[in-house]
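To start, I am sharing the structure in question, which I have written as structure tokens.
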Amino acid sequence: MTQAFLSIQNVEKYFATVRAVAGVSLDIRENEFFALLGASGSGKTTLLRMLAGFEDISGGDILIEGTSIAKLPPNQRPVNLMFQSYALFPHMTVAQNIAYGLEMEKLPKNEVTARVADILKVIQLGHLAGRKPDQLSGGQRQRVALARALVKRPKVLLLDEPLGALDKKLRSEMQLELKRLQHQFGITFIMVTHDQEEALVMADRIAIMKDGALLQVGPPKEIYELPRSRFAADFIGVMNFLPVTANSGAFQARDGSPITATHVNDAVGTGAAVAAVRPERLSIGEGGENRLSGTVSAIAYHGLDLLLHITTELSDTPVIARMTADVADRHRPETGQPIALSWSARDTHIFPA
Amino acid sequence: MTQAFLSIQNVEKYFATVRAVAGVSLDIRENEFFALLGASGSGKTTLLRMLAGFEDISGGDILIEGTSIAKLPPNQRPVNLMFQSYALFPHMTVAQNIAYGLEMEKLPKNEVTARVADILKVIQLGHLAGRKPDQLSGGQRQRVALARALVKRPKVLLLDEPLGALDKKLRSEMQLELKRLQHQFGITFIMVTHDQEEALVMADRIAIMKDGALLQVGPPKEIYELPRSRFAADFIGVMNFLPVTANSGAFQARDGSPITATHVNDAVGTGAAVAAVRPERLSIGEGGENRLSGTVSAIAYHGLDLLLHITTELSDTPVIARMTADVADRHRPETGQPIALSWSARDTHIFPA
Amino acid sequence: MTEPRTYRLMLLILGVVFAFLYIPISVLVGLSFNEGGLPTAWTGFSVKWYGALAGNSDILKAAGNTLIVALFSTVLSTLLGTLLAVGVEIRRRNGKWLETIIFAPMIIPDIVLAIALLSMFSLLGVKMGLHTIVVSHVVFNLAFVCAVVRARLKSFDWSIVEASADLGASTMTTLYRIVIPVLMPAIIAGALLAFTLSVDEFIIAFFTAGAGRSSITLPMQIFAMIRFGVTPEINALATIVMSVSVVALALSQRLNKGGLPGQ
Amino acid sequence: MTEPRTYRLMLLILGVVFAFLYIPISVLVGLSFNEGGLPTAWTGFSVKWYGALAGNSDILKAAGNTLIVALFSTVLSTLLGTLLAVGVEIRRRNGKWLETIIFAPMIIPDIVLAIALLSMFSLLGVKMGLHTIVVSHVVFNLAFVCAVVRARLKSFDWSIVEASADLGASTMTTLYRIVIPVLMPAIIAGALLAFTLSVDEFIIAFFTAGAGRSSITLPMQIFAMIRFGVTPEINALATIVMSVSVVALALSQRLNKGGLPGQ
């Protein structure tokens, strides 16, 4: 087998007696856009800081192209970090900020100037080269921080919540822009984020972290459509959970009706379990193997789509069903209306209760 | 005609020589959930503060049930405001905060106690009555602020970005919760927000504000589906704009193909114009009156849906098409692939260029 | 930045510099409890020098004067300083000039302030005594109290004042039930600071006390006594003055984290 | 809170209190330019009293001494204070006790500090003079410089230090190219504050100057001269001392908005 580009081998981190990262092993490929996704306190940022060299590791090893970097100080690692706060030097201009890392490599002056000019062109901020960071907008600062890290041509670029400080509209623009730049530079990106949508849109692969450990690693589609735990299913997107009773591979909903499911978690035994289905997989009328009926208790109009909240005997919380605008045009749902939905077995997951 | 419940009549506001609100007239119905939606600087907050009495009006009048309140100080208006920062009194407990407004009405002690206990039950914070605000979570603080305003039984409750300080998950829960409380209390709610999704989900009617004036007033569905200006179309949701040439009621796209549209803005004359269509109204293959073909340049996977970015000759920016997961399962789009889309005339709007 | 060598150098500097401060202070406090009273030998723990102070009517008189001056000037400067701070904050639009006028006294050297006040009282023909020290200390303290309260006002959420009005309260009710209670820790911190400044202050009191010994304060008493060398009584007196300051300012800082001048 | 009556009351208080401060200061400055030199009559504008100062060798000597003391103690306390501030901030985990030790000198009354240093120098048998004043003023100033730099460090974004390391810089390079340039306004502000404090300081200098007139500073000179009443020369001298303070502190505040003690 060929060696991994970046190999994280059983890495641990203790702060005093508190375990922040619990034996994480992960191989990341060259040119991959990898996302570490988790809530705050999941250990994702600590892992990133260990890759950058700002936290030493309590156990395990980190290798790039087969060479351990675990003992190198931050200024000797072939890795750069884009800070969440951007961490631009306030007393330097945009050009000076970007040149700083190259000056540290003792490159000749004209090469520094040329490379700074090149990257300024790429991020389209050439006209602002003489500005100080506090004269820039949030989006511009973000691009300068990115350029300052990219200009060093690191083997791995680490990004700490790269879009966290931007507003909604700018964020969705920058999602694709970042992805484009990663392709253009051919550098491995490792991004830390708590925003599942950001991870889904940008990453080639996602690792879900919880309590310092990896819960599931895979491409976005797999993470979304084949969650391997109830936590992952709930953490990403919206998921309806219906309590069921498991009995030698067959599942019964609360009202006794059978639930058939293609994806049954290994940990499901006999007794209480939950069936899970996404709102967009529920459709009006018969058509799937599984059925439920209930009453529309609320309609949340999102323009693009409606979300129907349906009270049903199958669970205590309302079931949420997504209805696209064209379907809604045909059905014109109203609050208080009885409604029957169905969904298919291949969209159904069973997890331990 | 019966008189309006709350009538804003040609209200203006100047700060020195700067016009913040420009002759706004608006009738709001009893028990209505009304949203003032606009970007920062649109004048929405100034209008709200004039309703609360914190800014005096430079011109026009404000009437509640036919009586002008424009000259009343804030402490004499039958109106309460829920502040964006919540503005809870830090030295008072939850119960004392809620009781404060009732004590100002010089109500007997036992009535104050009873009404505080009642509303604490409604917001399900009875067990935290003795806590100080800094011992509460963001969501709890929000509910206390709401209770403190509601307990006064105002004729109108004003809400300044009521969900702005909450995190994403909590926000979507509180959207429906707030709506439920408004129904339960039967009080007119006027909410200021910059978040279009919040306005769409919660409000009975929305007013879009821009530069101190009302751009469009109507129910969410009308605002989303029948925008009356290019700005409104762009501000709410995602909209594709294609440059077209208008010629006596017929429209031609850049490549000469005809575009038919049901909704033509009155201001459209002859010459340059734009056709607008929402991403969810584009479908693969033939089926609608209008057609375009192009190449898939990027795919943004959102789990629930895909957004295809399609480069086409019809416009300089990529056209965005929404593809639901089940359609994507069938078509399996890939970057670089040629694609043909169509959409119908009734989903097409024409605006002046 | 966290390399051990840099840190050790830092510790060394810290040690040397603070040895110059804390060794003499410790010696001073120690000697005040030394039976023999001489720096040459420790002859046993005793509070006899404190007893000696209690038997010295000059010192008791000076202590009484100091208390009177400190109490009156504290009450007055706290009241006025708080009002000013709130007033200035409300009229923020009036801007820089008001702030400059209020905080200038913190910049003017004490000795210049002392001369100016002395000239003023002389010109007006005011007979000097404790009352002129009180007035002088109010002028001297005001800016400090105002600064402490203003620091708190910078993080004051004015929307609670609007909320109070919105809930039906009048301006006065809002002042008594919302503004003053929320500011109270800062007001008390300001008062404690004013008290300490007044107790410790020497030169302004010296110039505005008038002739004779009737209005002498503790720092003046120490100054007078030191002509005869540093005696055990002086050590005891200095220890007391220092203790009062340290306790008052520690309290003040506790009440008003981050709002103490210079912190 | 914004009612005109409340505001008018506030203005009145402001007026009365600050009349007590600004009238005497204005009179003092005015008299220093009064030809006749007497408070009783304005006999014309003149700088002759300033000229008289220039002809007074005692005063020139005192001014020279003051400058020497202020410059040396400023340079030393700025260097040490900055190092300490950075060191303390890095080792924040060591916590409260380090901060208490550093800032305690701001709390200890000047007169107690003066006595303690005097005892110390006597005990050690150090011959006193300008050098002992310099050492004393370093001890006195250090906490203030440290406080100003620390105030700036509180809003210092430490991620730029990590960013510098990440971009390949060594600890020393980071210190010279990132930390010190970013802190420079606060360091200069601290130095200006130290300079002013040293120029204005009376009681510590008085106690640690030793016997004789060779180490006398300007405030001591003023104190000595005032025994003969407030003369026009004193007014001129006080005006000069005050101008130096006001200019230095105004500069300091400009450089370091919000970081000046008490603001």
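First chain written, first letter: the chains are A, B, C and D, and each begins at residue 1.
Everything that follows uses one rule, which is that contacts are C-beta pairs under 8 Å (C-beta built on N, C-alpha and C of every residue); 3 or more make two chains touch, one makes a residue touch a chain.
Worth saying up front: this structure is predicted, and the values here are computed from it rather than measured.
**Student:** Just tell me the minimum hop count from subunit B to subunit D, counting one hop per pair of touching chains.
**Tutor:** Each step joins two touching chains, and the minimum needed here is 2.
**Student:** Out of every possible chain pairing, which has the most C-beta contacts?
**Tutor:** The chain pair sharing the largest number of C-beta contacts is C-D.
**Student:** Indicate the whole-number Å distance between the mean C-alpha point of subunit A and the mean C-alpha point of subunit C.
**Tutor:** That pair's centroid distance is 56 Å.
**Student:** Using mean CA coordinates as chain centres, what's the subunit C-subunit D distance in Å?
**Tutor:** From the centre of subunit C to the centre of subunit D is 17 Å.
**Student:** Once you find the CA centre of subunit A and the CA centre of subunit B, what distance in Å lies between them?
**Tutor:** 28
**Student:** Give me the residues of subunit B that touch two or more other chains.
**Tutor:** Touching at least two other chains: none.
**Student:** Specify, in ascending order, the residues of subunit D that touch 2 or more different other chains.
**Tutor:** none
**Student:** Just say which it is for the chain contacts: an open line, a closed ring, a star, complete, or other.
**Tutor:** The chain contacts form a single closed ring, each chain touching exactly two others.
**Student:** What pairs of chains are touching here?
**Tutor:** Pairwise, the chains that meet the contact rule are A-B, A-D, B-C, C-D.
**Student:** Report the residues of subunit D in contact with subunit C in the complex, numbered from low to high.
**Tutor:** Interface residues on subunit D, with respect to subunit C: 1-3, 6-7, 10-11, 13-14, 17-18, 20-25, 27-28, 31, 39, 80, 83-84, 86-87, 90-91, 101-113, 115-120, 122-123, 135, 138-139, 142-144, 147-148, 150-151, 161, 171, 174-175, 179, 196, 199-200, 202-203, 207, 219, 222-223, 226, 230, 234-235, 238, 241-242, 245-246, 249-250, 261-263.
**Student:** Can you tell me which positions in subunit D touch subunit A when the two form their complex?
**Tutor:** 157, 159-160, 162-170, 173, 177-178, 181-182
**Student:** Over in the complex, which subunit B residues touch subunit C? Could you list them?
**Tutor:** Touching subunit C from subunit B are residues 52-54, 73-76, 80-81, 83, 85, 87-91, 100-101, 104-105, 148-149, 152.
**Student:** Could you list, by residue number, the parts of subunit B that touch subunit A in their complex?
**Tutor:** 175-176, 179-180, 196-197, 200-201, 220-221, 224, 236-238, 278-281, 298, 300-305, 309, 322, 324-326
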